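The next part holds the structures, each set out as structure tokens.
Note that subunit A is present in both complexes that follow, paired respectively with subunit B and with subunit C.
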Partner chain A sequence: MSKLVRQWIPFIIFLPASIIVLLGYLMPVPGLLYLRDKLVEWATIVAAFALLLGTFNIIHVHVGQIRRRSRGWFSSFVLLLTLLIGMIPPLLPEGTSLRSDLNRAVLDYVLRPVGAALAALIFFTLALAAFRLLRTRHTVASVLFLLVVILVLAGSVPLEGMEQLTLWRAAIIHVPAMAGARGLLLGVALGTVIAALRLIIGGERPYSEP
Partner chain B sequence: MEVEAIVLLLLSGLVLMILLILRGKKGPAPSVRQLPAFQKMPREMEYAAESGTAVHIALGSRSLYEDDALVSLAGLQVLTSLADAAVSFSAPPIVTVGDPTLLPLAQDMLRRAYERHNRLEAYNPANVRFIAPTPLAYAAGAAQTIATGGVTANFIAGAFESEVSLIANSGIRRDLPQLSAVTTPAAAGALYPVSDHLAVGEELYAAAAQITGERRYLLSLVAQDVIRVVLVSAIAGVALFSILTG
Partner chain C sequence: MSISMIYCPKCGSANRRGSRFCNECGEPLPTHTALRCPMCGAMNPVGNVYCDRCQARLVPMTATPPEEKRYEPPPIKGLSLPTIPLEEKKEEAPPAATEDWLAQLRPAAIPQDVTREESLPPPETGREADWLEQLRAASAAQETGAEEADAWLRQLRESIPPVSPPLEPEPLAPAELPDWLRGVAPPEAPEEAVPTAELPDWLRGVAPPEAPEEAIPTAELPDWLRGVAPPEAPEEAIPTAELPDWLREIAPPEAPEEAIPTAELPDWLRGVAPPEAPEEAIPTAELPDWLREIAPPEAPEEAIPTAELPDWLREIAPPEVPEEAIPTAELPDWLRGVAPPEAPEEAIPTAELPDWLRGVAPPEAPEEAIPTAELPDWLRGVAPPEAPEEAIPTAELPDWLRGVAPPEAPEEAIPTAELPDWLRGVAPPEAPEEAIPTAELPDWLREVAPPEAPPGPLKSPIVPPLLEFPSETATGEIPDWLIELGKEVAPGAPAPPEIEAGGVIELARAEIPPWLEAMRPRPEAPLKEPVETEGLLAGLSGVLSPVLKLEVPAVRKRPPAAEIKEAPLARAQLLQRLLTQPIEVPQPEVRRRGSGLGARIQGWLVTVVLIVAVVGTLLVPRILPGTSLPVHLDTSPARSVYGIIQGLSAPATALVALEYGVAEADEMNLVAEPLLRHLLRQGAHLSIVTTQPEGKLIAEDMLRTIAAPESLYTIVEYRPAGATGISQLLAGAREKPGVILLLTARPASLRWWIEQTQARGEKLTLVAGLSAALEPAAAPYLNAGALQAALYGLGGAAAYESEGGLPGRATERLDALVAGHLAVIALILIGAIIHTLAGPSQEGRR
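This part shows the complex of A and B:
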């Protein structure tokens, strides 16, 4: 009985669901489309519950860190405090101006600036990584990588008398970089097809006991 | 039915056929190309166990119901493949996820490994951590986990973009060995300078075969390689034909 519940019932649910969704995309027949959309809708509902699970996980992990006074416990405290404060606006009566003002304030003064700051930070981490490459790895590939990075960056700047750089930049982006990216995507698509087939034929069952 | 659908069905049929032919063959496991990014992971896990610390595994921030679902699943496969080694070395990994749908699956995979080794009492679900539902916030949170979590190696496997450099940068600052497997050009570009070993593109799907060496995974990898040669030959053939016919 246990084997049936843990092994076969998930597979019995998974198999028709996956085939219906796949066929729904390949053959847009009205009946199949209806079933496909319903299944995708259910997946979205389940995902919403997963967010709840995720929130409990955050609370569990960070309360544990505060209790143990682990390294970085103060960050955990700030995170939990922010989580609690973030819960206030949705709890206020719907349609009130206070609720919408608080929501907008959180978005305008916290989420957007922090997001923008993090996005800006990426540039520095990338530059730091390139600099580190210069110090630690002395190979032809590394030198080529850095040369291309410098060329593409310099080609993005509208410098007078250096129009040639812009042409080189365009040539790099449109020929070798594009070919590489397409090759990468083709490989990923192939790997995805094989992984999906392994799932459908039951060769891989992440959703149940093996 | 559209052309893409027909091509996909034909490709799927071809893959299935090769998989079935290979499965039917007896004999030793096929030899496959070596990918150091995955082969070094169990060794790093062993070092972590010896030093009484843990490794960090970042699984990315794409959900299981979006386009990148299978990339995320491939990342989870890295965790599955390493989970047994982690439990046997008593070095539970700290796993961070950036989408809540990955959380129960990652927890379940780790729990199953403990169950297989009859050590369920040692399983701690808090070792799998949901950080934040947006890629940037996730990357920043995972970087903080590396900085404060006392980890001795950083594994990155899953769906990422350039934000992954925040995670990698945190690893550099602590001078950790970094092994990565990503599928997008942006993430590959961000990780190339800072990873000790990097697996790119479809190599992520080779993780289970490389880490576990199990026959079923090796067969999938061989099938993938065969199809790739077929596809590349077809593309080259069509290109050559177009050039010749003007």
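This part shows the complex of A and C:
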């Protein structure tokens, strides 16, 4: 009985749903389209529930860390405190000024500065890494990499009189870069197709328990 | 450990089976955290070998190569018999791993072909038969172990030498034995049995049965032994008529007709008639007194008259005729003591008794006890103790009794000279000084004569003769057999001296065989036990001391001091020194990468340059207004986007997908602002959607920044599930949007939107405002036509503002962007030059 519930019922639900959605995209039959849209809508609902479940799991994990006074428990406390503060505005009635003011304050004084700091940190780290690249690696690839970085940066917003850099930048982006990007996209697409087929035929069952 | 729970390797908390991450700390849990039983399907911990539920084996056993496998016959367990002979089974092929264990258990009566055909199908998988294989392996191991045990037992038996039978004392040859012992010679040498003809008359009856053919002819037997024929020769049994009376009762029943006639019996045997011939039973009147008691009751009238009885038998009269009891005076001396109790008045007068019977007074008549002086020597020891003063004087004792003095009166022992020849060797033990000299003893008694020199325990006890026989000197009638006995000598032994009336026969000293010597009772020295002097047990000897030995502490002896040599002592001291000293492990020098002064200077240099470049560029226009960097903008991408949006006519609907987070908001807001302003200027209704959780906040902030009228936009709620949410959004749109504006800095969102819009099958216009980093990722879609136009980064936004004449913050931030770019380029060049001239570091050389 447990094996039926853990393995076979999820597979029975997954298989027809996946086939209907796939066929709905391949064969735009009205019936299939209707079923496809319904299944997609239900999947969206399940995903929303999964997000809520993940939120509760985060709360549980960090509450446990605070209770056990494990390493980094203060960070868990700050996280839970922030979560509580962020849950307040949505609970306020729609259209109230307090709600908008709180949202703006959270965004302007918490989220945005934190985001900006992370972005600046990334910029500074990349700059330092580029500065010290030839200190550890004296290779052609390192030199070539640095030349490309210089061209792209100089050609993105070139100064006047350096319009040629724009052409070189465009050539680099539209030829080797785009080729690499296409290869990545093709690989992603093929992998997605294979993973989907494996899921459909039951080769992988991430939805069932072992 | 619970079967359904697994423990996190980091925090140790319990998690549900199959979990990929720890619920407490988020640590990825190792896969394969449980083993599924192939039999029952229960989950078991990884370390289990057997299932906790059904005890099936979880870990497969290592299989041996096929060439190494050898067929093992099924073990024989308990009392079960092998169904098939081992020779036949060895010829069979190794059984399959599934069904032959059943065939092996079947009885031999069932033919093998039938059993195999009727056998059950094999199990499905090898995993399920693991426990069967284990059982067989265990049984094979047991058989192997049993075989090994048998092998070593066999070897042990072979190694042990055969135990030789215990040594037995070599018995003396019958020729060495005295005559009176020949009858009790060990049976191990039946071939050494003395021919019956050589035996004395009185022993012929007790000759060994192994040589019945050597029985002495009856004619040669003395009268009193003629009835005692060896039982193994029934054909040689003496006729009942020839048997003496006392032997007639015990005569073999097979030949009752062979009984010895009563007339031929000696006087002292006439009373013992064989019971097998009751018709021949001696009348009670004929029986002697001493035998009348034991006379067959069937014929009491056949008792021998007392007058016919020999003197020594007259007292032993049958009790049935008590009136026929021999008077005491008629009894021989030696029998007077054993007169029948029923008729003590019938005791034979002492004068009438032979010398050798005169000392035997009937015990029932102690008042009639023969005085000790009257008793023969050999009976004085058994004289009634009540009347020791009645000992018979030695002079009156017959010769053959004179040596047997009563023990109560050792001073009355008969001198050796007065003892009969055959008793002279049997001296009383209480009077060792009265031992008869060996020279006086007859030959046949010399063997049993007590040793003259060694006193004490070496003296042989008095061996009563097997049969009592009268002395000729007492009555004047020496039986022939006695004379012959004196004349008969063993082969090789000196001839016994002639028995003379009143003479003394010197007995040869007998050689006691070792086995007989070993049987000699050893007088033990009496143990002197302390006598208790106090308490309830006072006066008793052998009382245990109340102080237990256990309570007394044992005195421990100190062990001898061990001799310690210098070398081991030095090693021990060295070891002790090493153990006591703290261990100093040399720590390897660990240098963090970039932790030196140069790395710090470089970091600070980069930081300062970037800050000066960016902040300075932002502050200079405020300090020096109108100053700006001469930047060349590429307006072609911006021109494409501008054209598409410009082509919208009211009332158009624009679906704006805001797919960036807070981290990308600083750049993307600058890109999104001119696009949204343009859409609003065109009168398009904005439907803002997002699949990011924080997208709604960003959108509200954006709209507030651009002061968009609330009537021109609608913020749709968050849609989760990535591509599925996008698909649902596109499916839920009530009308086809005029343009789809994608604002994202993430490649995944760009791909999802492009894929979902293309999958709808409808012709949708998709324009994108992207981050500068997504330019290479978006180029394929632009070339493919899936993306109609795209605007990249701050430069593109600035170009769009300049192209549309739309004021925005992008142009203000452009100088800072250019300065930052130039600063990074400068740092790269400087670093490359410095490090190229300085050479690679140690990390680079590794």
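Basically, the second predicted complex is superposed on the first by the 155 of 210 C-alpha atoms of A that agree within 3 Å, B and C clash if a C-alpha of one lies under 4 Å from a C-alpha of the other, contacts with A are read in each partner's own complex, and residues count from 1 in each chain.
Following the convention adopted for this analysis, a residue touches a chain if its C-beta (ideal position, glycine included) is under 8 Å from a C-beta of that chain, and two chains touch if they have at least 3 such contacts.
Remember, it's a predicted structure, so these values are computed and weren't measured experimentally.
Q: A:A171 contacts which: subunit B (first), subunit C (second), both, neither?
A: Neither subunit B nor subunit C is touched by A:A171.
Q: Scan A:L144 for contacts with subunit B and subunit C and give back first, second, both or neither.
A: It touches nothing on subunit B or subunit C.
Q: Check the residue A:R112 against both partner chains and state whether it touches subunit B (first), subunit C (second), both, or neither.
A: second
Q: Once the shared chain is lined up, is A:A47 touching subunit B (first), subunit C (second), both, or neither of them?
A: The answer is both, since A:A47 touches subunit B and subunit C.
Q: Contact-wise, after the overlay, does A:L98 reach subunit B, subunit C, both or neither (first, second, both, neither)?
A: neither
Q: Examine A:V188 and indicate which partner it touches, taking first as subunit B and second as subunit C; both and neither are also allowed.
A: A:V188: touches subunit B and subunit C.
Q: Return first, second, both or neither, reflecting whether A:N57 touches subunit B, subunit C, both chains, or no partner chain.
A: In the superposition, A:N57 touches subunit B and subunit C alike.
Q: First (subunit B), second (subunit C), both or neither: which does A:R135 touch?
A: The answer is second: A:R135 touches subunit C but not subunit B.
Q: Once the shared chain is lined up, is A:E163 touching subunit B (first), subunit C (second), both, or neither of them?
A: A:E163: touches subunit C, not subunit B.
Q: Show me the subunit A residues, by the header's touch rule, that subunit B contacts in one structure and subunit C contacts in the other.
A: 25, 40, 43-44, 46-47, 50-51, 57, 60-61, 64, 70, 114-115, 118-119, 128, 130, 132-133, 137, 177, 180-181, 185, 188, 209
Q: Contact residues on subunit B for subunit A in the complex?
A: 1, 5, 8-9, 11-12, 15-16, 19, 63-65, 70-71, 73-74, 76-77, 80, 100-101, 103-105, 109, 112, 125-126, 128-131, 133-134, 136-137, 139-140, 144, 147-148, 150, 162-163, 165-166, 168-169, 172, 183-185, 188, 190, 192-194, 200-205, 216, 220, 223-224, 227-228, 231
Q: Quick one: which bits of subunit C touch subunit A in the complex? Just the residue numbers, please.
A: Subunit C reaches subunit A through residues 11, 13, 17-18, 23-26, 34, 36, 41, 594, 599, 602-603, 605-607, 610, 629-634, 661-667, 693-694, 697-698, 700-701, 704, 719-721, 724-725, 727-728, 731, 751, 759, 761, 772, 775-777, 779-780, 783, 793-795, 814, 817-818, 820-825, 827-832, 835-836, 838, 840-841, 843-844.
Q: Can you check the complex and tell me which residues of subunit A touch subunit B?
A: Checking each residue of subunit A against subunit B gives 25-27, 40, 43-44, 46-47, 50-55, 57-58, 60-61, 64, 70-72, 75, 114-115, 118-119, 121-122, 125-126, 128-130, 132-133, 137, 142, 145, 177, 180-181, 183-188, 190-199, 201, 203-204, 206-207, 209.
Q: Which part of subunit A faces subunit C closely enough to touch in the complex?
A: Going through subunit A, the ones touching subunit C are 3, 25, 28, 37, 40-41, 43-44, 46-48, 50-51, 57, 60-61, 64-65, 70, 100, 103-104, 106-108, 111-112, 114-116, 118-119, 123-124, 127-128, 130-138, 143, 146, 149-150, 153-154, 156-163, 166, 173-174, 177-178, 180-182, 185, 188, 209-210.
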